[in-house]
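In this document, chain identifiers A, B, C, D, E, F, G and H correspond to the written order of the chains, with residue numbering beginning at 1 in each.
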Amino acid sequence: MKAVYKKPEVLKNPCFHFCPGCHHGTVHKLVAEAIDSLNLKDSALAVIGVGCGVFLYDYLDVDSLEAPHGRGLAVATGVKRVRPERIVFTYQGDGDLASIGMAESVHAANRGENVTVIFVNNTIYGMTGGQMAPTTLLGQVTTTSPYGREFHRDGYPIRMAEMLATLEGVALSARVSVCTPKYLFDAKKIIKKAFEMQLDNMGFTFVEVLSSCPTNWNMSSMDALNRVKEEMIPFFPLGVFKERKMPDVL
Amino acid sequence: MSSKKSFYIDLVFSGFGGQGILIAGNLLCYSALLDGREVTFFPSYGVEMRGGAANCYVVISDRQIGSPIPSHPEIGMIMSLPALKRFENVIRSGGYLVINSDIISPEEVEREDVNKIFINANSISKDVVGNDRLANMVMLGYIAKRFSVVKKDSLISAIKEVVSEKHKKMIPLNEKAILAGYNLKLT
Amino acid sequence: MNKLFSRGSDALAMAAIDSGLKFYAGYPITPQNDIPEFLSRELPKVGGTFVQAESEVASINMLLGASSCGFRVMTSSSSPGISLMQEGISYLAGSELPAVIVNVSRWGPGLGGIGASQGDYHQATKGGGHGDYFIPVFAPYSVQEMYDLTVKAFDVADKYRTPALILADVMISLMRETLIRRYPEGIKPPEKSWAFGERKGERQKIIKSLYLKGNELEVHNWKLHKKFEEMKKNEILFDKYLCDDADIIIVAFGMVARVARSTIELARENGLKLGLFRPISLVPYPEEELFSLTKTCKNFFVIEMNTGQMLYDVMRILGRNVNIRFYGKPSSYVPTPDDLFNKAKELFNI
Amino acid sequence: MKKTEKKLTIHKERCKGCQICVLYCPKKALSIGEKLNKLGYRYVVLSKEDACTACGICAEMCPDVVIEVWRDNE
Amino acid sequence: MKAVYKKPEVLKNPCFHFCPGCHHGTVHKLVAEAIDSLNLKDSALAVIGVGCGVFLYDYLDVDSLEAPHGRGLAVATGVKRVRPERIVFTYQGDGDLASIGMAESVHAANRGENVTVIFVNNTIYGMTGGQMAPTTLLGQVTTTSPYGREFHRDGYPIRMAEMLATLEGVALSARVSVCTPKYLFDAKKIIKKAFEMQLDNMGFTFVEVLSSCPTNWNMSSMDALNRVKEEMIPFFPLGVFKERKMPDVL
Amino acid sequence: MNKLFSRGSDALAMAAIDSGLKFYAGYPITPQNDIPEFLSRELPKVGGTFVQAESEVASINMLLGASSCGFRVMTSSSSPGISLMQEGISYLAGSELPAVIVNVSRWGPGLGGIGASQGDYHQATKGGGHGDYFIPVFAPYSVQEMYDLTVKAFDVADKYRTPALILADVMISLMRETLIRRYPEGIKPPEKSWAFGERKGERQKIIKSLYLKGNELEVHNWKLHKKFEEMKKNEILFDKYLCDDADIIIVAFGMVARVARSTIELARENGLKLGLFRPISLVPYPEEELFSLTKTCKNFFVIEMNTGQMLYDVMRILGRNVNIRFYGKPSSYVPTPDDLFNKAKELFNI
Amino acid sequence: MKKTEKKLTIHKERCKGCQICVLYCPKKALSIGEKLNKLGYRYVVLSKEDACTACGICAEMCPDVVIEVWRDNE
Amino acid sequence: MSSKKSFYIDLVFSGFGGQGILIAGNLLCYSALLDGREVTFFPSYGVEMRGGAANCYVVISDRQIGSPIPSHPEIGMIMSLPALKRFENVIRSGGYLVINSDIISPEEVEREDVNKIFINANSISKDVVGNDRLANMVMLGYIAKRFSVVKKDSLISAIKEVVSEKHKKMIPLNEKAILAGYNLKLT
């Protein structure tokens, strides 16, 4: 019999510690599928940010390096500069990449480091228990915005994919979601493309994945899925904001 | 601190989130405070919480309390299988595992050198309050009495400290469940 | 109830509010999130400002800004976050700006773990930041002390125009026990004429740490050092328990000291005369007070949840003429009274 | 046209009962059962086996890689 | 006699330590003029970044606070939040604001902090002796890009005014120059407008000033002036990239 | 000329290149810019990579990445920048990744000044970062030692899988004197089987500092501590000068020790028997070697360009039975041999 | 039309001889002199006093606030 | 280290950037190295450099050298007014200020307890090489001889160490200027 869907090979252990309905699991799967399909198991090297995804190495059978919170893209720069033959990707949450790691993220993007970023935007600090993130929506109640996020005090939700797309060094900047089958298949394609572009030395490839965090949103998985569709996507539109067609030579 | 002559008791409460584990622990604390005792409460936290586990330690004494995390508590109130697996080996030898037998079947317990007490707490809760949500209170009531942890009056008066304003009308039901446990005779 | 049954971190946050906290900035990190969560809820109610900063680096620098305006300011974090603040702390010290910094320390090095730890003693007491300065450090060992020492820290910070550190651990922060919310009479933030207020034609004020001309930097450094000497005179806090007749004195701080108290009772029930010396202010360290114990006791037992850090200070203070033994537990498994009792017997051959 | 052979493997011990698969099964073939697994969750079951077309959508969408789908149509 | 041009009042001491032809002096003057013209001497509060402008307090008679290198906008946030009545501005170089301070800059902008930024872009680290800055032009030789800036290794020059203009929190984002009289008069207007907008609680106002650094460019003042005109402006176009007309209420 | 007449920072950079440096990342800061400037020019010529990072935080984390791939890596900065690296250094230690970090230290706290200073001794030797770890620290006092100790630092870093620190100062870095560029025979970077290379079907490698399960973090911490104990056995470096018959022994490191050598000559010409003990490895500190001097000498004179930091270690090591005097100069004005001679006479009542 | 009274104050001790004023003076009234000031720079002089219209451009452009310009036209 | 019997001399060179201050200092160092001596060279640096000042310290000895920044050097080679103001009070009592009198007029010097030597170095440079750019070399030559700092041969051979490849043809001119200073007789 032929598999319609089977566990990706590189996913050595699918017993995720994630909460029920958490999209981190889905994203792990998609990354694993991309690695399988491009045969990158040996060459892939994960640089893992601190957040609920920090145990990625327990699940994916790829060489893995833990980066200090927020510094994934500085760490990845160090790796890729000395091991350009490895396919380097970071796996980072929105707190990690867009808050504390903003400088490292913008500068790695601007330098056009030839690495791939999997950016899990769930509008919250998952691992630490539901504090406000730079991506938290206006009005959203979190443990540190108990009266709802208010732009005068807390600022606006940051749209990273759009902001990074303005930088010359960026080869691909896209936002995807995994909340419906259609979006999920799109996400799969884009993630694969990001890795392909890295293989082609195109430069910095960035995929933002809108994700749910039922636990810290205080919602059932179903409600969380709906929230992605009905509240997140309208504010964080899906799409490819930049795609370089030719390698980065001037 | 096994060799204390003065009053000292340490417990661990464990189960899933949503089973009222922390509420039970806290209620015991407030009761003991009403009894005029020293009390510490220590909840689990952090990464390990993913997956919905909840647990807490309670220490009650009439002297200043050292570590709020006893390495080998005397009594464990166990409300889920993972909870059993995690704390079975932590209870002090000669101590007590008080287990919700509506969730965990007796044969799951492996240890021989501790006392095992099984309470069909969900069923009892259903009986006395109409649903199984107050199994925690049933178990707590039993523990309070069985090990002379706190006075009955204190237990009842403390309920209002742990039930939030908007669930105020739940106080009588909690009281019922606690008393059901308190008065429980196991054979 | 008149007494509260409170979590350590809440006690600390309440103390901050009672001390007139005006500005808090912080970045989430386990296991101290209860502090910002409490303050995000409560601080606005009393007219204070809560900012979730983009990072610990930003947090400490926001404090620098708000403190320069004469208000009471605080941040809290845990070990890796405190490391990131070291440059800022050094700037606060150099610029003579008061601030309270809370380290609910966890395991290191690196990401480590989130259990209780005393691995940051060196960093806290020997200037994790660059340059020649000391800041006062207080180590609470109960929920009540989380409150009382926070009040103290604000007070000392203002008095000496210095950042002050609370070095707590997970245990003390997450546990609940009884708390009397007692803001002492008489404590009042001093007037801060050096701070930015309304200018109204007064002379320009400059707050800085750059000193390039002549020997002004040397003068400045001695000034900072003198503050430290003053603190040594006035701000030492410690606790002694059954030391007078003790054959062995345990030296421990924070959580471990708490466990040790029970150990001592246990030991005395078993006929062994143990005592406890607990530094509460780690900087300034109660040096004289500790040394004076060598008059009556020759055995000292240093216990820490690390591989030996305060040990350095104890050795320096006690010298080589007494018997010092060490038990270190670099693990989030807090030792029990029995553990310590057994270790004491083993290490002192009893 | 031959009959399609199909197989759905449900690794029930991994299922967390989130219902994402249930929601998206075009044939409404899945549902959450009554029993708890070791993790303590009520897990998914293929309640209408015949309705299932082995389209694989449930497996694709499951965050916990609980479902694998096989098909053989000759 | 009426003054056609006289030393601004708030400029207590114009004996700048800057090198001959350095535009830092010019920018100091323009800031002083704006403060004079809006009568802000008592209310202005300078947050000074570390760079050649670090001694601003020696020249301008305004309350001044020294910020650690790069952290000006975090410091300014702390000040403005507790003293909203003060008119807070930061004075920062390109190394300070756009390199080490990127995270603080982006986040303060995103929060829409009601402060004004004077951003001196001279495509170099002046104070430390001419190292490559994030704004250094491609091909530009510096002490740490001895073979000329190369985008694959060093990244692209960052256009801060444009990037920040994409953020919701920003009320004004503009780039000016002081290399010709016309540009200088424009710069004057924009700097004044930035302070006015702060007075009107409009939010984050950002003025990037293209500046020369003859010393570290290894050029005469005249050549440096030319370089601003002929090399910098083509890459860093002058203009207003965002201007909010109404206070920041949603 | 066979000998070079070289600047200290160039000597250090040459040593890095001779040691096989593959990756350098750094951020400009006075007074160490000569190092990145040299390497931006020279490193590409030998196939290495020079990156000017966006900050010190990024620099140290780039090192973490490049080191995990098994290459020799280095960064350099000065005091405030080193403070910003403390989290990263702690991660390197926790992840057991070798790296060489250079602190050409300046004045603090805060922005301070850019003159020569020894104000970072505490930070360097007592873990400016969080958690329970020590990293080896070497303090050169000549241009030649800038070279030799850098070679040593790379070697020790690899041998123990640890970051290592060079604590230099402005004086040593900017001065020029003769240098013999001598990469010792026999030193060769070890094979790093733990590092990321070509994977070729081998087992997955994981490099991390997070240890949450059971007591694995405790085991890890003791492992790190054991490295430190090993270093104590094998890597101690020190220098003694005319100690055998000395009535007073000066204890000093770096620049000050250099001046002190001249002081000793001056004193001996004036009939006063001074000697010098100079720790070269500040971590591990030559404890035994220093203590053994108490057999013949009871007067020790600690001199530092700070208000007393190494003094803590000396007091701990020597105990209370000898006479310890201190002269501190927290100023970029480096004391002269005469200054020290006069101070010695004053403090020891001669 | 009355004659415009005008005055140019040159604080020569501050001048660094950068020539920016010289470049932009529309009347080419300024030039760099031969003498050094205390700072060691050859400083600017108003070499064609009559040509100067007191337009102020030199003063506006000078980075070092060397020049002040006054005018009185009634 | 005033009471040394062995050879020891310390100098400071100061002037504007562009006057060849550091080149002069370096040249002296290389010469002393050729003489087989220990040498240290320490340049000024940092913020203070804005405004174009340049200065450096040179210490030459036949033993290991302590501080490369003598607090009170014996000899100062002074090429600008700010340089005089800065170092006048630094020179050791009884030491020497060697001053370029084409730039600094003698009445600017205030100190009484040091020896003042004035050299019209610009003029001499103009005379011997046709322009005033090698005033530094004239002064250096004088100092080398007057205080027996280095051997003449060493001085001459060392020129090539400090003159860069592309200015190679300047070597003979430098030599001329140095010798002019070396042979200078002041009255």
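One rule holds for everything that comes next: a residue touches a chain if its C-beta (ideal position, glycine included) is under 8 Å from a C-beta of that chain, and two chains touch if they have at least 3 such contacts.
What you see is a predicted model, and the numbers here were worked out from it, not measured in a lab.
Touch-path distance (fewest steps) from chain D to chain E is 2. In terms of C-beta pairs in contact, C-E outnumbers the other of C-E and E-G.
Inter-chain spacing, taken between the CA centroids of chain A and chain C, is 38 Å. Spacing of chain B relative to chain H, judged by their CA centroids, is 86 angstrom.
The geometric centre of chain C is 61 Å away from that of chain G, both derived from CA atoms.
Residues of chain E found to touch two or more other chains are 18-19, 54, 66, 68, 99-100, 102-103, 107, 127, 134, 153-154.
Chain B has residues 47, 51-52 in contact with two or more other chains. Multi-chain contact residues of chain G (touching two or more other chains) are absent.
The residues of chain F lying in touch with chain C in their complex are 57, 79-80, 82-84, 86-87, 90-95, 105, 107-115, 117, 119-120, 122-123, 126-133, 208-212, 215, 217-218, 221-222, 224-225, 306-307, 309, 312-313, 315-316, 319-321, 329-333. Residues 12, 41-43, 45, 47, 54, 57, 61-68, 71, 74-83, 85-86, 103-104, 107 of chain E are the ones that touch chain C when the two sit in their complex. Partner chain G is touched in their complex by these residues of chain H: 16, 51-52, 80-82.
Of all residues in chain C, those touching chain A in their complex are 27-30, 33, 36-37, 40-41, 44, 50-52, 54-56, 80, 110-111. By the touch criterion given at the top, residues 22-23, 25, 49, 51, 53-55, 57-59, 61-69, 71, 73, 87-88, 91, 95, 196-201, 204-210 of chain C touch chain E in their complex.
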